[in-house]
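Accompanying notes for the structure given below.
As written, the chain order gives the labels A, B, C, D, E and F, with residue 1 at the start of each chain.
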């Protein structure tokens, strides 16, 4: 079970990282989401894997570690807020540049550079 | 003012009260009190979202309707299962069902019923709410579908909602 | 107190003098003189103490932890320099009064001049090396500002920057050197350092420290190869040139050598570095001076040359040479300052400094001409003038050097050669300016004598040249003695200050220099032709092009590295993580801990396979955005099931509800985005990214495996034990969230609220035009509010509210809680938006989401602050069991108030964020009016 | 647990599982989107309904008292599934997702 | 017997989920995928109930209830996006 | 338990909640309340500074739960110092914003106060996961602030900043998970105890986790090669935001000091001084990169943004050396550089407001109306930034130079630092001479007079470099004591024995 679980986390990390490194905001958002799935599962599993030992007092004889669960819950909520924010940022970037490239224009670095330089000091 | 304290949608309140009892593990003094509070409070909070309360005349008939529906689900399920598992190629059809019902809620219940009974799915309601487009998985003729729906479901609904 | 007073008065003056600018140039000149006059008055009584080598030390603690103290120290050397600074400073103030034109910013000028004077006095009077360094750098900065005084002139700006770069940079080297010396000696107090000469010279860091200190000295004193800044500093107003760049600041370098002479001199390193630098500077300066057509240029290179001479003298290492060096400092300051002033007068009166235009001025300004000719003679080393005396001493010393073989000839030959040049350029200064026919195309014609008082400073200085030249022992003898005493740390050698030492070799050298110089000047055209063959280097242009080149390279390098590509930055980040974790993970390898592996059950395995498949699928088809979104939703769903599978019902619920809201969020966003990602990464980059991803994934796999199979103990037993008795709840996760670690949750809901506010603010004035149809070219449907959805939305709202109440209330004891309940409510309201549209729904929701969030945060905070009243810390929870008729026994927990805060914040934040996106389109796009809509 | 309950439970479970599976087979096997749309209604209606029922029976007989919140789950599914199907069908028709040739009365051909 | 039936049921539901994933990946059209996702959500309800029965606890029921109440919203949002573009207008 | 410890968190929190409700109140009222909040915060942090100066640790256990179980705030000298640095900075930035940069949207003050709350939590918390939460609070607020001000220039740098930090947050969580999975605890003091007992394969997990955490902090601190998000983000942010962000990198530095001295300090056995051999060279390279970036900068704001990076390198090099003297020196320098660079960002904005379309670009432009005033501010600011006498930066730099023992490290640190200063000198004199001296007579409409409040705020921050010199002795005494306290984690660990309210002692 542990190996399988580890593979799941590895896959989520790998796909998350790959997507993060793409050039458009949408796959980056997907990558962040994927990575946070992996992270949440990982953090969750630091309490080790057990079935049927939910930390509700009285529901079982032994209980799994409740702390990682609480941490993951916090992490999920924060992750949600962050995802929402980054999605909106990509919309804003889309609105500002008419393109959803992470660098603001069609990935033409030099052009982007020039544009920044010109606008950099403008408001 | 008194209006503010009443139950604006008694049926909704009743449903909510019953739902609460379902959710609570067993009926108790506490669950009744809380159920009452919620059954009163939630319709108050959400009344703005019901611009036109459905014209619900004979709610008693709903129980019979549900019984028919459950039975039909079971029966039809087996028929459809057979259809899926058999190599026989089905004869799908889009059927235009002329609606007699006027109340939007009634139409929705009818459309849902049609979707829940295996073999038919409500695909669309026309803009003027006169035609219900149904997709049937295996239908020889349109009339067969139209008649069975009309007699089995729309009639009871008309009684309830007229 | 008197010494600090001497130093700080000018600074005080700098603050107040500009206030007199309104009163005209005379007023401010008088005001600016006050500090110097007070300072002279303050120093006068101290003379007896230092005359015979005594030291006046006035020390105040300042920053002992750095080693800096307000330590001021007066000895002969310091006094000599202080007098030069103060007296010449006074003359400059008077001179500048007439030099500056009425419209100029005299307040700034005198203010800066006084700042400079204070800094310079600080250098010479500091009894602490670090304190001296502070003043040292201050002179660089004030000099920068003074050179750039006429900031509209390009050359002035460039000259200023170059001077700052060289002298400020040298100052940094000096700082390093001083810190090393301080490190060696254990103190920065001058007394300690001077006493520790042997210790310093024996230390292994001595060569480095010496080099660094000398770098400071050489740059400041314009020694070769750092001499180039000085001529360009002549862009400053002439009073500044006269004061800073001939009489005082450039002497700071030689002062430093004199100051640290006992501590650093007397070694071979010192000898070679100092004397050879001095020799080179002496020669080069004298040579170049000859060819300058600019009056101030000639004087500047002459200054360079004389500074080289002084340096060479210090480098020789003999005591008499050091005395001669000190002597020449005085002499050079007097004649060169007067020459600069004369040059300034000529510039002032003719409008040019070009010697090719300026001719025969004797006729027009005989008084000035006389003064200048005397001063120039002093510069040339004509007997009976001060320059002659120190030069004689120099020649004598150049013969005394104990050098092997032919090298022994080098100093006297170079000395004589430099003497020849020196006579030649002095002759040029006299002849080319005051004789040599008639002026050519002077901007101001005819030139006149300057105002009476403008000449007074020159007269005084020229008088000094003569006095010293004729009555050396009487005029400067005592001062020179005490200064030499201080320089040498006692043991002043016998020296005789007479007009003539008799006929000896030095005199012969002088004669040779004189004859040779005049001969050379008479044959000047040949030399000019010869010199003209070499292309003249404009150091300023070189400096500018170096700086420009640096800037340009830096820009290119920066643009190449910081190229604005998120992909690069992300790769750097991910690779950094991999790099630092690689070694431990490699050590770990495929490690399985003591707990071993538990058996796999195949339903779980199949679901894991689904997850892996869909995750890889998402990465594979990500360019097809909608499909990727559906696939990743499956991943999210399986993650939720995983939580359920491994005993985390709360997490499963949280994950599920967040998942749904996220899908809505992404669908909202997708509307505006292209539905297709263009293929743009080159194959190589994709391969690289896949490799990075695989490494990262493998690393996580190995860590997870090792971690999951290893036994461990955590603090969680405490939570399990105390959840009910201490927190009043059976659901330990919830109790952790609202109680044990409630503060985390407070932060978490703050994050939600802030995110929503940020989103709202970010989209407030943004509009996005959505595409007219989907990627395949279908125009959007006109059916905005589907009937069935609309009808379902109504009961669902009531029912979902009920469910959320249920989830909320049970949360403390069973899976659930404020967060999940909040999301259910938010989703129920979202359904209304989906079914009925923005305006319709907004009209029916009575409360602004901002306020809802605020309310939520308020509840959570109040729940926390409430415990203050009972003397308990923030967020201390309490609960009680109450029994009511009918209702029976139920629990009231303060944590519920906190959870209510969570609930409200979640609703407010989620809806504010999502609705803000929904609002992005300026107008609702062509939707048919809804016939069913009757409200 | 009495034998009857056990048989009942087993029967309900297997029924639910079977119909869930059949629905999925339908989804996988049926020829076009509109026919496939029928598959999930099997999973939702009879399949999940039967499983819910088994859960009710199971926990009731386990002596945990009458727990009937599963019924609510079914009710919610019954309320929402038709709307999902309706929305999807509308989307498919709008996108002109094709149906098998022998379909009668294709709305986009009229 | 009950256990066997339970595991058989789990097997069937998981198999059903796999078939749904097959449809989800295969498509061919977006509505197919969404339909498959929607069905997966319903399967998840079944799985959670079955997990509860296996573990003998009702603690997971609320998760199933949650899917029943909220799960369709994702489907609706996706469907509305496909058809109308604007999900909230 | 001393409720004062919560003041730096609760004051901005309550202030922010009030602002949330007041979205539509008149701006003058919102400003008054917001600045009053910041003032109150400043007062509270000064109280805490006075308390912390006795050298003891003050613990505040949320919910009255004994550490390591509950979350604790721990006030020590370092925390108090960071709080004061931040609140003074915040006050001036906040004042500056009243000049009009808070307009545009109604969320500015709310976000600003939340930002302060996040920062203060980060400085006070004694819990590793709570530190994560604090980071998230301050980051999300900073995202919002970064985007404040409209226009399109900020979007892309903002997006980069957000995405990189999200990756950073993910890595943070993984690291915390790894460390928890071995030690089973989150309280930093408890971690310090538990980490010493780790052995075997677990050691590798802790090492990997610790190193990954270092990367996260290095990202926040903008250490090379993780610093490239910073220049454009800071250079495009609204002035008070950019100025406030001067402390954002210091949070990363703070976290490194806190975590790596306490948990992975000298006493941590096999994981002692984890990662510090990476930090030292990277810090020097960062410094060099900062100088190169500054050389290439073509406007004031990006110049000062690179100065932020220079500061980071200058700070982290001595911290990596880890001696008491070098830590103290770094802290001293931190105080100076944070305020100075922030002040320079404000000056840049004032300059930009006076030069028409040239803004703060390093090009010739019409003469400014308040050229003398601004050039004096600039001069003082860059002197302090470049570490030239007689301002605070010089003292900091001398302390740093003096703190390193002779050896190769000294050679490296001295050369990089001094050559860096030399190049800074060239950069700043060039930029200043072009902007302030090289003017043309353009037909620019008479530029508006500077607002009093913005001038005051900028002057205030720049003047802090003089105040620091004036107070150098007490400040140094404090930083020395702080360094000693930091190097003695054993006393920090004692916080685990704190008695709770209502408990018998």
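By our rule, a residue touches a chain if its C-beta (ideal position, glycine included) is under 8 Å from a C-beta of that chain, and two chains touch if they have at least 3 such contacts.
Here the structure is a predicted model, which is why all the values come from computation and not from measurement.
Annotation of chain B and chain C: jointly contacted by D, touch as defined at the top.
Once CA atoms are averaged chain by chain and compared with the all-protein CA average, the nearest chain turns out to be F. The most distant chain from chain D is C, comparing centres defined as mean Cα coordinates.
In this assembly, B is the chain whose CA centroid lies farthest from the centroid of chain A. Inter-chain centre distance (chain A to chain B, centres taken as mean C-alpha positions): 40 Å. Chain E and chain F have centres, each the mean of its CA atoms, that are 48 Å apart.
If you average the Cα atoms of chain B and of chain D, the two centres end up 16 Å apart.
Centres computed as Cα averages put chain C at a distance of 70 Å from chain D.
Counting partner chains per residue, chain D has residues 18, 25, 37, 39, 44, 67, 69, 72, 76, 79-83, 86-87, 89-90, 94-95 touching two or more of them.
Shown for chain C are the residues in touch with two or more other chains, namely 559, 564, 566, 570, 574, 629, 645, 649, 670, 700, 707, 712, 714-716, 719, 740-741, 744, 748, 751, 754-755, 758, 762, 774, 781, 783, 786, 788-789, 792, 795-796, 799, 803, 814-815, 914, 917.
Residues of chain A found to touch two or more other chains are 20, 25, 28, 40, 42, 46, 51-52, 54, 56, 59, 67, 71, 74, 78, 81-82, 85, 89-90, 92, 96, 102-103, 112, 116.
Chain pairs that touch one another are A-C, A-E, A-F, B-C, B-D, C-D, C-E, C-F, D-E. Within the complex formed with chain C, the chain F residues making contact are 1, 3, 6, 10, 13-14, 16-17, 20-21, 23, 60-65, 68-71, 105-108, 110-111, 114, 117-118, 121, 129-130, 133-134, 136-137, 140-141, 143-144, 147-148, 150, 156, 159-160, 163-164, 167-168, 171, 174, 178, 180-182, 184-187, 190, 201-205, 207-208, 211-212, 214-215, 218-219, 225-226, 228-229, 231-232, 275, 278, 289, 292-296, 298, 372, 379, 383, 388-390, 394-395, 398-399, 401-402, 406, 414, 418, 421-423, 425-426, 429-430, 433, 436-439, 472-473, 476-477, 480, 501-502.
Interface of chain C with chain F (complex): residues 62-67, 108, 130, 133-135, 137-138, 141, 144, 148, 151-152, 154, 157, 160-161, 164-165, 168-169, 172-173, 175-176, 179, 182-183, 205, 547, 550-551, 554-559, 561-562, 564, 566, 568-570, 572-574, 576-577, 580-581, 583-585, 587-588, 591, 593, 700, 703, 706-707, 710, 712-716, 718-719, 722, 726, 739-744, 747-748, 750-751, 753-755, 757-758, 760-762, 764-765, 848, 850-851, 853-854, 857-858, 861, 865, 867-868, 871-877. By the touch criterion given at the top, residues 1, 6-7, 9-11, 13-14, 16-18, 20-21, 23-25, 27-28, 33, 36-37, 39-40, 43-44, 47-48, 51-52, 54-55, 58-59, 62, 64, 67, 69-70, 72-74, 76-77, 80-81, 83-84, 87-92, 94-95, 97 of chain D touch chain E in their complex.
Interface residues of chain C, counted against chain B in their complex, comprise 783, 786-788, 790-795, 797-799, 801-803, 805-806, 809, 832, 836, 843-844, 885-888, 890, 928, 931-935.
Chain C contributes residues 774, 776, 778, 781, 783, 786, 788-789, 792, 795-796, 799 to its touches with chain D in the complex.
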